[in-house]
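Next come two complexes built around subunit A: one with subunit B, the other with subunit C.
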Partner chain A sequence: MNEQRPGLTISSVALLVVLFLQIPVIVVMLASFSETSYLTIPPQGWTLKWFEAVLTDRTYIDAIKNSLILAVGSTTISLVLGVAASYAIFRKLVPGSEALTSLLMAPLIIPSVVIGVALLQYFTLVGMRGSFWVLLIAHVVITVPYIVRSALASLSGIDLAVEEAARVLGANGFTTFRLVTLPLIKPGLVAGALFSFVTSMENVPVTIFLAGPRDTTLPILIFTSVEMGVNPSVAAVSTLLIIATAIVLLAAERWTGFHRFV
Partner chain B sequence: MKSLRTGALLLSPLLFVLLAAFVVPLLLLVPTSFQEYRPGQGIATDVWTLQNFVRIGADEFYREVVLRTIGLGIAVTLSCLLLGYPVAYLIVRGNPRWRLPLTLLVIFPLMLNLVVRSFGWIVLLTNRGVVNNLLIDIGLIERPLRLMFNMTGLMIGLTHIYLPFMVLMLVAALQNVPRDVESAAATLGSSRFHIFRAVTLPLTAPGIISGSILVFVLTISALVTPRMLGGPTYQVMATLIYDEFMLLLDWPSGSALSFALAIATIFIIWISSRMTKRWAGLA
Partner chain C sequence: MSNVSLRHLAKRYGKVAVVKDVSLEIAEGEFVSLLGPSGCGKTTILRMVAGLIEPSDGAITVGGRDITRLPPNKRNVGLVFQSYALFPHMTVFENVAFGLRRKGEGGAALDERVREALALVRLEGYGDRYPRQLSGGQQQRVAMARAIAPRPSVLLFDEPLSNLDAKLRDEMQIELKRLQRDLNITTLFVTHDQAEALSLSDRVCVMNDGVIQQFDTPEEIYHRPATAFVASFIGKPNRLAGTVKDGAVDLGDGLMLQSSGAASLDDGTPVDVFIRQEAVTLSASPNGEGTSLPGTIVLRSFSGAQVQYVVRLGNRFEVVVEVASSGEGANLAQGKEVFLTIRPQDTIILRSGAGA
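Presenting the complex of A and B:
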């Protein structure tokens, strides 16, 4: 029915808001190709020199490497620990499943900066501050809720009879999980892992309190260098991140219908 | 029991990590918040004091920061709601062919690194930034407007950062509104605005509330965007906590402020989940 379609006013307002959401993205990309160190509209002259500056700068390369190692490492650990724990909770293998779920989701509710300062004090006390392993564990803590959330949601959608059928046919618990349950919850887990990866990749409030000078991550590097003023190489590295994000998002959408899980 | 053993085996690694690197560190922050910081000497562990908590309400500077944080939370929530509702409405009720691209355009900024998004706003809002240059070029202003290091900058930046969350919450809520109810109202002669006000809006109230709670809680605990757009002088609670731990080394004060922030957050989430449960019971 015609009345139920949004009118022209609402549609144009909505489209303007969606445009507003993309503006910083567009501006950063323009700035990274612009000749001048301050972006003008329209940009004056095009150049790739800022990209060259980034890709030949050891600090940037190291930070990108650290971020990737941390994101892949923490997501992998979170996946293994989180899926195991979620499965135990879902099958009610232990009592108190509701309290356990709340505990596993708690890092999402406590403000990150508070987790950050708590870990700073704690790891200073035990004398482990500045270690890469501390950073990795901290990233597991902040990323695991996303895995648990998607694992529990996907598990609740599967029919337990399928698992029972596998058991009746002689598969042991682990084989059943690997060959029957895991494939069924895989799309949800891919989405959860993507959230976890993104969360680790962009985290500042926890990382900044724990990262030793050699473990600087990309967001920390951008965060601290912006305090010195607007620098076009920050725009260039940001553009690289924008392109990577767009590719990952589109790929995830293609593989798993990602938007269903957001 | 075999299942209990399997369950404990599956759960214990994660529980161990969370206890060792989340629960215990948070608990250890409690005694710190009752200790006294003496400038130049460090933290006195022999005295216990409530001073750190009292100061949050009593000291003028702290009070200003807390009130600013709350005000910012409310303002950002309202602007996200006002800007987000039309987008959610268009996604759910508009041409189905637009739904996927629009949804992806809303998710995209959400997946993009927070630091990058905040940096984009710096490029736009700084004194010699895009917005000021544009306004000067078309002759609207003569000298650059102050768009950063104040409420304006934080409002714009944080609204942009948290708008996608609001849109996604509202989309979920709007999808649950049965179209029949709206067409029934239309058949009975209601105007489009009246249908929206009397049918759609009340039916999406749970989504409006949960979206607002989410945006408010995220805004009051935000560190990155307020620091990048507010600079070192225009403080909110999270940036003040950061400075107290990293620059002033006044950990007791910082811990007390951390607890104030965390407890506020937990309390708001708890209240809202009780409210939504009660509503669900009534419906």
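Presenting the complex of A and C:
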């Protein structure tokens, strides 16, 4: 018996689990090629017309555009704020670092629906409801924990002496951060940014409370189309989303080997 | 002019004083070691000189310039860390160039200065490597090159050799000494390794509990320790407690030890006598030179160049004796009655309780 290699049983179970987890993805992808005007598995016939329908439909294009703007915008803002906050917390530049960390991470634990309702009430009170900026702020709130988590983890992996070395060699605080700290935490930040991006891209529960009629995002659009009756264009847009995500993840892994930071 | 002077330097964390009123004058080009057990405040002093810790009290001047409140990047000091602290994402060249670039160096002049620094530590041609591709000793040398490249007015070392294995440590010690002599940079070297401190330094500052115990040449520190702490910290001395009687030391059990320092002390003064392991000779019969005390060999252990004995002396003392394994008295059996001969000038005598 070779105990180093997993047995047949373990391997088959692992394979089954992987398959089980991938079933929804496979189902959606298959359904998007069906010629029928309703979702069905296995697909009847073989067509790309639903993809064409999605890519020529203004509603979908606008929703994709909104989603991308929101995801890029909120991730960028979260990166700036999250990294700054994490650095201050990690270097104990501010009092109450434990409490601050918990506060920043809270959106991960509080149910999204609660955050949605709370933000809706708040923005109604201050009279900003329905604005695109409200949506952006909301997405920063829900994406910042991913940045903070990966930034704190990356920072704790740095030898403090490396920063001190830079300081003694004549670099001021900002130069030290730019030339030493930031490059060293970059792989972790890429991972955090990806999570942030995906979180913003797929968010329904918070967005649905806050999105004005012109600010519909892709997941909201999919959600409402499903409510109104399903045709395979929903499956097609989902397939596009899955492929795009896969490409981004593969590229990021190639560039940074970020799986170590997940 | 790059003499360093510390005046009444102190560091307190809340009520805990880590460094208490330390004053130290280091001449230009001098190599000074701060030696002491962990927690004695030596690293804190080094970090205060580097500007990484702010002193609670006192002043630090380098070449007459007060740098006490300057940020580390304005001090022009070089620091070699225990962990080397190389920039892992930069090549050796960029590591060494880092300090020079901060001073505005660039182009051919920069290349030349980096090459020079790498040549000094004998790492020519390693510029394109990354720190992770180098051995511990090579990383150590890059750290040194990086520290000396910007021509600092003071070089600081924080236990730089403690992460190396014994053989490499000895090599680096010699290299470091050569480098410091060639560059003639004022150097402050922190270590807990006495052999390192004694062999490298022009002067050694022995510290304990945030206070300077003795600041003197290695020879003085070794042969004339000022306090009991220094006497017991340096070398591996035996400590025998006794009282002064008729210009000698009464160790009890009828054992009288001649000690050159005892004559100046009053009868009845309680003293500690320190005798280094290698200062005792063992013989089968009493030897003429100095005091000969009878004892019994309890243990013999051979360790290559030396043989160590544990010898019972009267009822109160066990003395460790080290002799060269090729010399006289290297083959005495366990249980044998022997005579320990100690020359009066090889004893260090201090009043009991003097300086801890």
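As a convention for this text, the second predicted complex is superposed on the first by the 252 of 262 C-alpha atoms of A that agree within 3 Å, B and C clash if a C-alpha of one lies under 4 Å from a C-alpha of the other, contacts with A are read in each partner's own complex, and residues count from 1 in each chain.
Assume contacts are C-beta pairs under 8 Å (C-beta built on N, C-alpha and C of every residue); 3 or more make two chains touch, one makes a residue touch a chain.
This is a predicted model, so every value here is computed, not measured.
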Check your understanding: For the three-chain model obtained by superposing on subunit A, do subunit B and subunit C clash or fit?
Key -> fit
Practice item. Name the contact category of A:249: first (subunit B only), second (subunit C only), both, or neither. Key: first
Point to revise | Contacts of A:115 with subunit B and subunit C, given as first, second, both or neither | key: first
Practice item. For A:183, select first, second, both or neither according to whether it touches subunit B, subunit C, the two together, or no partner. Key: second
Check your understanding: After lining up the shared chain so the two structures overlap, which partner does A:105 touch, if you call subunit B first and subunit C second: first, second, both or neither?
Key -> neither
Exercise for review: Pick one for A:170: touches subunit B only (first), subunit C only (second), both, or neither.
Suggested key: second
Point to revise | Chain touching more of subunit A, residue-wise (subunit B, subunit C) | key: B
Check your understanding: When the two structures are overlaid on chain A, which partner does A:55 contact: first (subunit B), second (subunit C), both, or neither?
Key -> neither
Point to revise | Smallest distance from any CA atom of subunit C to any CA atom of subunit B, in Å, after fitting | key: 11
Study note, to complete from the structure: So the subunit A residues that subunit B and subunit C both touch are none
Exercise for review: Within their complex, state which residues of subunit A touch subunit C.
Suggested key: 159, 161-162, 164-172, 175, 179-180, 183-184
Study note, to complete from the structure: Seen from subunit C, its contact residues with subunit A in the complex are 50-52, 71-73, 75-79, 81-83, 85-89, 98-99, 102-103, 146, 150
Review point. Considering the complex alone, what residue numbers of subunit A touch subunit B?
Key: 1, 3-7, 10-11, 13-15, 17-18, 20-25, 27-28, 31, 38-41, 81-82, 84-85, 87-89, 91, 93-94, 100, 103-104, 106-107, 109-115, 117-123, 125, 137-138, 140-141, 144, 173, 194, 198, 201-202, 204-205, 208-209, 218-219, 222-223, 226-227, 230, 234-235, 238, 241-242, 245-246, 248-250, 253, 258-259, 262
Exercise for review: Provide the residue numbers of subunit B that touch subunit A in the complex, in ascending order.
Suggested key: 3-4, 6-8, 10-11, 13-15, 17-18, 20-26, 28-29, 32, 83-84, 86-87, 89-91, 93-95, 100, 102-124, 126, 128-130, 133-134, 160, 163-164, 168, 179, 182-183, 186, 192, 195, 220-221, 223-224, 227-228, 232, 238, 241-242, 245-246, 251, 254-255, 258-259, 261-262, 265-266, 269
